[in-house]
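Have a look at these structures, which come just after this line.
Two complexes follow with chain A in common, the first pairing it with chain B and the second with chain C.
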Partner chain A sequence: MKLIAAMASSVALLAGPAFADKIFVSNEKGNSVTVLDSDSLEVIHTITGMQRPRGITASPDGKVIYVCASDDNLVRVYDAATYEELPSLPSGPDPELFVMHPDGKKLFIANEDDNIVTVVDVETRQVLAEVPVGVEPEGMGVSPDGRIVVNTSETTNMAHLIDTESYEIVANVLVDSRPRFAEYTPDGKILFVTAEIGGTVAAIDTATNEITKTITFEVPGVLPEALQPVGLRVTADGSKAYVALGPANRVAVLDVASLEVTDYLLVGQRVWQLGFSPDGQFLYTTNGNSNDISVIDVASDEVTVSVQVGEQPWGVVAVKSD
Partner chain B sequence: MIRFLAFAVLLAWPVAGQAAGPVDPDWPCVQRRQPQLSVAQLWSGPPVDAAIEARAKAPEIRRLAEVIALRRTSMNQAERLVEEFAQGATREDLTALFLATFGQIQTARDRVMAGITRYAHQQEALDSQIEDKRHRFQEMTEAEPQDFDAMDDLEEEIDWATRIFVDRQQALTYVCETPVILEQRAFALGRTIAAKLPRQP
Partner chain C sequence: MTRLTFAWAGIVLAVVAPGAALAEVEYRAAVLRVDAPGPMPISRLDLPPADLGFAGAVLGTADNATTGSFLGQTFTTETVTATPETAGAAMKQLIDAGVPFIVTLADAATTVELADLARDLAGDDVLVVNASSTDDRLRGVDCRANLLHVAPSDAMLADGLAQYLVWKRWTDWFLIEGSHPQDQALAQAYRRAAEKFGARIVEERVYEDTGGARRTDSGHVQVQAQMPVFTQRAADHHVVVAADHAGVFADWLPYHTWDARPVTGSAGLVPQSWHPAHEAWGGTQFQSRFEQQSNRPARDQDYQVWTALRVLGEAATRTQGGDFAAIRDFVLSPDFSLAAFKGQKLTFRDWDGQLRQPVLLVADRVVASVSPQEEFLHQVSQLDSLGVDRPETECRK
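What follows is the complex of A and B.
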């Protein structure tokens, strides 16, 4: 414990600026959202009163937090500064993951049970569209220019590219088994899609919608079936991507230019989703079985510390604090 | 009639609400079956080689591993014991300690996994016994003349067997958590030991 405190304070020294950011972690089994101060890495608040929170995201200005409350069948909304609950958004049944359009006005929500993507206006709280997609929609991603939203369907094994104006599917890309997450590079040229059971990440050329490379993973001594890519994030400069490998308890570091894996970092058990600090210096990982989050120093690719949160952490988002 | 319907619901095997997918008769848990843990899933320190495997068998390392692997040893206490051991210990010593601890937990986990399979088979057997008794009861109600004493006895047997089945089924939730709890402990101990590794020269 002393050691953790010592490590935490060294992290605090590195972080520098006086205004700490806040880290919000959804705890799927704990039915809560843990709020941490990014400098001290101490839990400063716990938001309760939701059932099975999974996907979590913030408005572009970082003032509002959105949570997929899967068993409440709605999106719960909180003020990031006061933690006050704001009016909820309709989400369709069993929302798992969603993505905020860069304009901050529309949420695209995957409804696992209904095979649709629900589009909700966060200001009027109206459902704008329901887009039929493949079986068990899951992962959601949005292109940097906001023109395309990607949904992955677990059973159909496809990435569906949806036009954000017409709400029509403009392309489908077949990927490996049980696609989980979709993320674009900041220049919008590559779309990464993780496949949990396939154990791979597809790098898709967005000009042609063709897979240019299927990235595989290998950790000596870890059974191949334990290498299950789930969450994925690309650094703001587009040089590196991090891939959460689930029960392998590791995050793979991917060099985007060569599409080669350069390192595997041991974080916590069943590493699920990832989120950067607002300045991009740190990457936070949710570790569902060890009930903690790990902090990765992006410059050195070192895991600096792990901090206990609620039960079965699922998603993470960090915002600037005023 | 209502009672029979209730039986039918209770006897559904495996229990309703479990994840869909192929049913493994050896594995009644909702959690995905992971037959073995591997060192690399839990350990980021030096790789394990033959020398470390030999060192892990040293009596002082084995004894310490036995103590810290036990769930009744609190994590705080385990951390203190590891810290004491780490004074003057080499990277190899600590890696050997992790390997020995891992071995202890793996053995305990193997026992639990085998137990769960046995449990599943016992439930299956009990399920078919209850089914047989119900058929017999049905036949008795249709027989002429009816033997009411025998019917009462059999009904009681069915009640008891069903109760045992349901109680066991409820306990299954906790039983199934045990391999996960052991894996969590192995990971936490691995992390504790790794934190004490002396820096590489």
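What follows is the complex of A and C.
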């Protein structure tokens, strides 16, 4: 046993640098994307030349990074290995958040100003469809089987479920005030929608499209109005969900089976969005008001370190290095 | 549809399948603007646009309609202008036509008269929402059970500024008030705020409105001679606080005071419910939707009318298909809350019908700060550190 363990750790040590991941963080005020090495957590590069970058995601193979450049009114595209800028994608005005379809070909973009979701083919760079939704579309999620894309509209207070083939809305689920983010469990059975002003997370049964539980939060010493759920991510095994609570400076840990909050992790100020490392061991949080990201060890739910990035970090995505 | 209820569809829809035939429910509202003849503002930038407030109604109705399109709800809003003399007749006409939700843009006295008229004609079946007057009496001795306030009160605005000034350690104030009754009421709100947050008013002066035109060619020549003298030999102070509801003199204070001190209150750093530069908490989306629609920046009254109509829209979404009593009960219940680009949920105070809301502190081109300031705590809601709190209310509705 000992021998095996020793061998395993030496392999890990040797393999470590070669398998280090890259963490890409969009800095809304800094007009840049900070790139960090996941092992050293050192900043290895800063991509500049964009205005108000917010939503950030990667192609399924991790080779291409997409950034919503809100004030440029387009999606900027970068090579994850060389950081070279690739041709941009049309996005519609003021893109804030988007989601990549699991096929890696279609990007679904929320356009806050126009009450539409724009669907863009990332290869041909053509707009495939514009889907009218509620007022101020924001959060975007996609079902694991790729059949449904969810958009949340902040003033209409709904999750709009859009068929990814027909681009028709197939259901609307009313949630609490100012829904910001939508995320499915890996088995596709639960859809979580965060409501920033409502201060809740709706757990929606995808079989019936009904809310099975509205999850609330409570932290001693934190004003209730500061508990504002924004970003949410579910672990790959579907056991836990993490909820960024904005100005409460906490990430809530949610047990998915019971839909109960099990812990609150103190991170940086105004925690906004979350992203897992490719192996799922770590969760990265963007902390907008303290200009850093926090690293959460997923196994132990410990916040291990915070690392300075650019001004007002907004979104984060981690990919494997070559 | 009966006279004072919405058409009732009788369907509770948590999940709505689009394309399904929905019985349409119509929600009717009106905005009644009472234009009193008055003098011109000092700056031509402040001339009122013809669609003041009504533009906010158009946007609020459109936002409600977009949401309503998913729920089988339609929204119509009538906009009516009146003078103080014709306001009552206009109100009666709206009530006779069966409009149960009426937003008013009027001075304090007219607002109370309209609320009383609505109660006499329709009892609890009509809800009046004040989207303009900041007068504290409307939330105090003159409060009414059928009257809600989405406009912040003078006390809330004064407290919002006071918290910031005290946070900045600018605690010694030179208070200059106008000679109109509404100026004196505002000055009283500042005196109260000073006492509440530990500031001191070290000097008080009244700027008499002697009438006369406010804009004359090269009027600045006299102003430059008069204002420094008017503010001369004041006790040592950190800031000037101007209480000038009537808009007679405050805009002339910055850069003209005898001592080099910042001006706050009715000019300089101004507490407001809305400003076209406000971008936080999704505010940009409101600004761009509004500007695209109306080709001008939004004013306080536009935002306040939008908020009033969103109160109706939010209640319609949450109650769905109910008659107006259901809407009204929900709005007045502790379950009601509204998102309105202020970074937290806005709710109504049950003791005086006032909408709790953060206050923007505007420094001309930017929103310099937003109150309540973090450091001023409150046992119930930090928003109740602004304005008249439950134990001190004079409202006996």
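The definition used in the following text is that the second predicted complex is superposed on the first by the 304 of 322 C-alpha atoms of A that agree within 3 Å, B and C clash if a C-alpha of one lies under 4 Å from a C-alpha of the other, contacts with A are read in each partner's own complex, and residues count from 1 in each chain.
Quick note on the criterion: a residue touches a chain if its C-beta (ideal position, glycine included) is under 8 Å from a C-beta of that chain, and two chains touch if they have at least 3 such contacts.
Model, not experiment: these values are computed from the prediction.
In this overlay on chain A, chain B clashes with chain C. More residues of chain A lie in contact with C than with the other chain of the pair chain B and chain C. Legend: residue contacts after superposition of the two complexes on their common chain; A:Gln281 is shown touching neither chain B nor chain C. By the document's definition of touching, neither partner reaches A:Asn73: not chain B, not chain C. In the superposition on chain A, A:Ser88 makes contact with neither chain B nor chain C. Contact with chain B, but none with chain C, is seen for A:Gly268 once the two complexes are overlaid on the shared chain. In the superposition on chain A, A:Ser177 makes contact with chain C only, while chain B stays out of contact range.
By the document's definition of touching, neither partner reaches A:Thr235: not chain B, not chain C.
Within the superposed three-chain model, A:Thr216 lies out of touch with both chain B and chain C [touch as defined at top]. The clashing stretch of chain C relative to chain B, chosen from 147-155, 363-371 or 381-389, is 363-371 in the chain A superposition. The contact surfaces that chain B and chain C form on chain A in the two complexes overlap at residues 223, 226. By the touch criterion stated above, chain A contacts chain B in their complex at residues 1, 3, 219-223, 226, 247-249, 265-266, 268-269, 289-290, 306.
The part of chain C that touches chain A in the complex is made up of residues 14-18, 63, 66-67, 70-71, 282, 284-285, 288-289, 292, 310, 314, 317, 337-339, 344-345, 381-383. Chain A makes touch with chain C in their complex at residues 94, 112-113, 115, 134-136, 153-158, 160, 168-174, 177-178, 196-199, 208-211, 223, 225-226, 228.
On the side of chain B, the complex with chain A involves touching residues 34, 36, 38-44, 47, 76, 79, 180, 183-184, 187-188, 191, 195.
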